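The structure that follows is given in the form of structure tokens.
Chain naming follows the written order as A, B, C and D, and within any one chain the residues start at number 1.
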């Protein structure tokens, strides 16, 4: 067998991953990495799946690993919240890092979302 | 002044741009390039803006320049359609190229969307 | 013994086929890069440009399949780690490996009008076979397509 | 004559400042790449890592501003063509040029709870000044931030 190997392009400076775990009627969606125009679709898809999941009453977005978030990320969260509201599902945010917390203050997002210091507290309130 | 220039990385193989123009109560959203996970957010944002625009009754997505579309692109169109339906806005597709047309046949999207050979016909039907 | 193959030879493809691998890092811009890499292989292997309409369509199907596999690895498995193409005169095999042990599973019921679940549906319809295999640090999801 | 500047010198920044340019092609993966490029400049110019909390915050604001400018060029102007950073001891200027003559305009009313319109709101709040200037083949949108 004839093998041709291609090297990867230099690693990009950031990655973004989203993962979900369900506990009872809540879903915890954990976001890790830099959330922006290039990466947002993974979060949009995951939140849409969670919202559409019939048994779900609450979605907690675990932001502990969120190393960057701009208005594109905020838009994804706001859009999911609007959709979720229509189906009686609450969306809250946990462990928002300082930089994103300031952005939420500037944009008023801190008055739109329930914010919790950690996932456990958020789940307790759900 | 001290100048440091950085060369661009090699051009990527594809771009994706979305642009809108309004005619009466319709918006024509033209998509050009390859639509996938990396590029979809531009379409999602533009469609959301069009759906939220109070005076709009119909959105025609002009696919003439769409050189690639996978299920991520389809999902964006389907999600916009669901949202638009809720607000009495019709979403139709015009000038869908052959490859995407086949994908729409496989997924049943051709039974979900009104498809038109060109934008003019779509606007006439709106 | 089988009949002699009268199809035009697929250039660049020795007996036993050829393998090309693209290592991947991160999730940014990876889907398009994988299609570009595949497009190049399809050209070198004379699947592209397709001489007949059917050939052109099969090559386009392959690009769509690559896109669906890599997208799924990015959305559901923390990112694609490697794209592997193996072309022979008879078929093309595409493998996308990722770092998750979780298996792909078609969503049911299939709903044409709703977002979600279309990727594996497309894969099922366009490939001659597909599956998933464990790997030391995750799994790989593969599809095969017959040469046109 | 003004008072002598007692702040620690911003390293790598000669009188008159320094300019760095990143040429951009396409829209794929460009937003993160522009932040990486900016992060490097901020390090070289000693804005990062911030010694005080305020310095750290200003540097983070700059990365957010870059992200917003490039995102807007990608979403509303066919893609960013160039990112330009100009740092002096007093301030940092970021310019993102694109190929569209259309001007950015804040969406009104501003609605905190709805998607859309947050980019220019963030830009207005975090920059000391911002604006848009015509260029031969489009325009550039710029922001300025005072050195911490």
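As a convention for this text, a residue touches a chain if its C-beta (ideal position, glycine included) is under 8 Å from a C-beta of that chain, and two chains touch if they have at least 3 such contacts.
From a predicted model like this one, the values you see are computed outputs, not experimental measurements.
If subunit C is disregarded, contacts among the remaining chains keep them together as one piece.
Farthest chain from subunit B, judged by C-alpha centroids: D. Subunit C and subunit D have centres, each the mean of its CA atoms, that are 40 Å apart.
Rounded to a whole number, the gap between the C-alpha centres of subunit A and subunit D is 25 angstrom. Among the residues of subunit D, those in touch with two or more other chains are 28-29, 32-33, 74-75, 114-116. Counting partner chains per residue, subunit A shows two or more touched chains at residues 9, 12, 14, 37-39, 41-42, 45, 48, 72, 75, 79. If the chains shown are joined wherever they touch, the resulting network links each chain directly to all the rest. If you check the complex, the residues on subunit C that touch subunit A are 14, 16-29, 33, 37, 74-75, 78-79, 114-116. By the touch criterion stated above, subunit B contacts subunit A in their complex at residues 9, 37-38, 40-42, 44-45, 48, 72, 75, 79. Across the complex, subunit D is touched by residues 1-9, 11-12, 14-19, 38-39, 41-42, 45-46, 48-49, 52 of subunit B.
Those residues of subunit C lying in contact with subunit B across their complex are 28-33, 35-36, 39, 57, 60, 63-64, 67-68, 71, 74-75, 112-116, 118-119, 121-122, 125-126. Touching subunit D in their complex are the following residues of subunit A: 12-14, 34, 36-39, 68, 70-72, 74-76, 78-79, 81-82, 98-99, 102-103, 106-109, 111-112.
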